[in-house]
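Here chain A shows up in two complexes: once beside chain B, once beside chain C.
Showing the complex of A and B:
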């Protein structure tokens, strides 16, 4: 099975959310549902010396959707086998089987699954399967004005861009083996729970 | 998180039913009550009722209940599928038990029922715990979850059994409410310990749990001292209500602590 992946250049992302808007538009997503999200990561610390406080703030953005993991937790936890993996490694939802129990949403460490209140089932990024079929890129990739996103074969892109699969605050790669490659922002080096955090997770919590 | 009230109801009531099964069978095996006593008969009906209410809560929690028939398709890898299968087994045995208390049934049906109910209850408690031990939800993926689920079953099960048994066997009923209050006290300590170093925003609610625990223990102590049966019963009811209310509030705190902390 050839593994597909998104490449995200976090050094170039300006956080404009054009990818998110393009995704919502292409997939007719209702307000409150975001298959692609742009996380604002803040890093920094301050020190007090002789009554003077010095600070070193920094920040970067991570555009994130379903990473179509090789070992997806959502798929293992889905009680009705509504989630399935295609031969290309895409993780998709079968709406005829989904019971809308939210369990996949809990299981996914990337928060990639969204409950659709209109249909009563879970919804998620399908990597614009219809566009891929006719040889085009996913909508988010082509919408990015900074050319931050790319989509393609994991191995080929890893050879071209390097195989960095985890930066703060993403979970350990071994958990689900996600289809994601990253160019890390300088500020992400040394970012840990104590000195960094995601500023806008609440925007995406349903 | 959406619809967590139905999950509060589902998990709490089914754990109360599990606790009742364990307590009842323990009391029977230890010779404290006979299998034919009124309390045992009533307990079958109450367990069935609790399980049916929790099943309905779980059913209407689903976004698409009409697809619920598919919920056990992934029984080999999904803890949720396993939980639903265990729940179905327990409801089946509990209803069979209830019916056997009203209509006579062959011995080959009634004899293994208590053992089957204990096995199904144990499986349900284990699978229900597994459902919440998710690596993606660090707030739940810790020993706190099995501890709280076990002690909820113990405190709620003993509290309800105590109410059922008060008029038939007051001494055992009082012992049960004491065990229930102590189980609740351990739970309250667990919540305070965890929340004080993890989630101070929920500390206010946790203090309410502690207050209700104090009410439950005070009511129990007053019950032991009281010589008036009617007053004692009222105090046992107060104690049981405090135990169940704090258990429910504690479960709300548990679901509110859901935090997909990574993203």
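Showing the complex of A and C:
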């Protein structure tokens, strides 16, 4: 099976969230629903000696939508088979079958699914497959002022940019085999639970 | 959620079209060229007709949207971006970014940020002003009733006529306002009208860069000190000093050019009290510094350079004056030179890194290392952000930075940077070219001192208050016609004081406000006039400090309800004053003016190769760009031969010592060489015992100043919060997202806090621009940082020192 993926160069992502808002606009998302989210990670501590700063933290951003995983947890948890996978590996919701049970939202390790209280149906990133079909990129990709977001074939992009799929605090790649490739920011090296954390999770419904 | 966007939001089932989904599940097989490109030979995805496809692809939800290219409505951010607006059924249904196929460094796409991409939530906000309003309650109380345009115009005409007769035109003030930038929306049409009927009190300078604007020419004799930005890729070392282009967008693509410079091998250092977006995304190293002490670090860097002989002696000898005793200007031979100050020859304090360490909190060895790196890495850029000059002695940091660029010889070379305001050399963008005419009232005040002109206008002087054009004002300000501006309350310092001044109807007798929303300024109006957005009228958008482009902004949708453009309102008023023909130059509407602007201004004076206005409109291309293949370098000729190409400073050279400043005879606050001066409100003063935290108010991603504060999408992405370091939060027993009270003698804010490591200890950050919303106790619930800022002005530029404030923070019992 071929697999589609997003590539994020976190070394130069400014966390501006143009991707998130472009997605909101393209998909007419209600405030409170974000198919694409930008996580703000902080690493390290402040230390001072006699008021002089001797150590300071660092940070980086991770822009992330549904990763259209190869082994999606959401799909496994869906009791009504509303979630399905296309041959290209996109994970989509059939609104006709969704019963709004939240199981997928709870099971996704990336917080990618957003229940739409206005329609009573689970909503999620569809990689703008209508745009893909007419030869365009997903809205988020073309929105990026820093040009750090890409979308394409997992294998081809892995060959071009390197096959790095892990960055703090993402869950282990092997869990769901997500369609995401990363260029890790220097600040992410050595980031672990003890010294780092995401500081804006409350911006997003988890 | 507002009604109009309810309509545009289609039910997800409908949009998805479940018949199609049934066939997805059923397994009909189609081939897609796109998916083949991604390596997939087949896909089960069905080609769906969609609103995103555009013209020619009929959708199942009615007629396909029309796509109109235009500029992001300018609100005085530093960017000017291209938008592709999808219009269906008279509504904007989607906003796309620039999609021009070429995206090279010579002419990169002008990609919009969240403020442009999320504009629909502003455009279709239920809070949009719809009708003219007349005040019914007390001023500032916010009670209004709907009136007709006729009545509104009658009132405005009557009041202006009355004030002109009773006091004269100099009692009328059309304040600084940057809420709209498309030539025909904004304060310019009203300024033009006033100039046709006798003028109004003038102003100079700005809230953005008062100090850098005034101080730069003391060093260089000009404001055009910047190379074209493409030249940054030729630099080896870039210091972003208090500069956060990724968030404030100091020119669309500035952040992208820095990224390119880094890819080309430049080392980038960011000096900022915050771990800003730019520090994370653009810098190899971030150096946190105590706010207001940048000039101390710069002085210590100069100390290292002088002691270690790293300065560019040839360049100093050839191009500068005032470096040391050997090159003081005639008549000033015995005065303190730049080196005298740095080495402490006169004041006994050498400005060593160890001296600076205690002030700036930056380790001495770091200061010394940055000095060495900047002086020796090759052509280097020291880019001065504007936040550090909106401070008590903002002039000093500007001059100190420019002097560092000069003594390291980074002036006039590719890959270097002269610092200072750095308007692009070779002709910066025009900003606004709509002709306002000349003001018959000759008096003008520094823009920051308009409240002084209300309470003691007639007492203002040139020396203390920077009054220009006259020796004395005839009047205090008696009538304010405020257009596209939230300066009236929100963006001026010390909001509670301003509110008290405006509430007193014996001072300003009449206030008219034109805006899209009932802003905090509009709350203080006697008359509110509803204005359309820039999507609802014709306009022209230009670059800001940089850029080689101009963007035509067609009318995309009709103005809703009874809204009108600022130009139309001014034209209607011109009719009442009997100057309609002169105002409209024979009946021009907004579109006619745009044609005049493109064909008679841009094509003649800036872009001779640009297509005509009608060609621009017919082709729906919106933007014309002149590509930059060989970036221009500022001061190139001067560097080659300073004698033949002198600067317009008194000496014709770069002035490290300014005889003009010396003659002002205020050495403590306006020294002739750049100095670190302890601020009037600082952690070192007695005020720190009651108010131990420094507060800064940075430009926030979710807003352009106060515009977009009511945009659900941008505010969701970046909510208004107080940012505080974990250490300071712990000392106060705060937890994340808790309501806190931030206060000083001038006022108090109740706001949720965000505990973050991205701000240095001892400093809190309240992003500027949130709308002032006082509760019953007078505490501001909107989170407007100006509730806490000071109206005292800087000594030389008479500018705004709005980041120089001390505050205390504690838990709030309010929710």
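Rule of thumb we're sticking to: the second predicted complex is superposed on the first by the 196 of 206 C-alpha atoms of A that agree within 3 Å, B and C clash if a C-alpha of one lies under 4 Å from a C-alpha of the other, contacts with A are read in each partner's own complex, and residues count from 1 in each chain.
Methods note: contacts are C-beta pairs under 8 Å (C-beta built on N, C-alpha and C of every residue); 3 or more make two chains touch, one makes a residue touch a chain.
Not measured: the values here are computed from a predicted model.
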Once the two structures are overlaid on chain A, check if chain B and chain C clash or fit side by side.
fit
Per the contact definition in the header, classify A:121: touching chain B only (first), chain C only (second), both, or neither.
both
Angle at chain A, chain B to chain C, CA centres, as a multiple of 10°?
120
Go through the superposed model and pick first if A:64 touches only chain B, second if only chain C, both, or neither.
first
Please work out whether A:100 is in contact with chain B alone, chain C alone, both, or neither, and reply first, second, both or neither.
first
Using the superposition on chain A described above, determine whether A:167 touches chain B (first), chain C (second), both, or neither.
neither
Which one hits more chain A residues, chain B or chain C?
C
Go through the superposed model and pick first if A:140 touches only chain B, second if only chain C, both, or neither.
neither
When the two structures are overlaid on chain A, which partner does A:21 contact: first (chain B), second (chain C), both, or neither?
second
Mind working out whether A:8 is in touch with chain B, chain C, both or neither, as first, second, both or neither?
neither
Does chain B (first) or chain C (second) touch A:130, or do both, or does neither?
second
Looking at chain B versus chain C in the superposed three-chain picture, what is their shortest Cα distance in Å?
11
Quick check on my understanding: which residues of chain A belong to both its chain B contact set and its chain C contact set?
96, 116, 119, 121
Residues on chain B engaged by chain A in the complex (per definition of touch)
1-3, 61-65, 67-68, 70-74, 77-81, 84, 131, 134-137, 258, 260, 262-263
Counting only contacts in the complex, chain A reaches chain B at residues 37, 39, 64, 73, 76-82, 96-103, 106-111, 115-117, 119-122, 169-171, 175, 198, 201, 204-206
Per the touch rule above, chain A residues touching chain C in the complex are 2, 4, 11-18, 20-22, 24-26, 28, 30-32, 34, 38, 42, 44-46, 48, 50-54, 56-61, 84, 86-88, 90, 92, 94-96, 116, 119, 121, 123, 128-135, 139, 142-147, 152-153, 155-156, 185, 187, 199, 202-203
Chain C to chain A touching residues, read off their complex
1, 5, 8-13, 16, 18, 21-22, 24-25, 32-35, 37-40, 42-45, 47-48, 50, 52-53, 94-97, 99, 103, 111-114, 117-118, 120-121, 246-247, 252-253, 255-256, 259, 262, 275, 277-278, 280-282, 286, 288, 357-358, 361-363, 701, 712-714, 716-719, 725-727, 736-737, 754, 756-758, 760-761
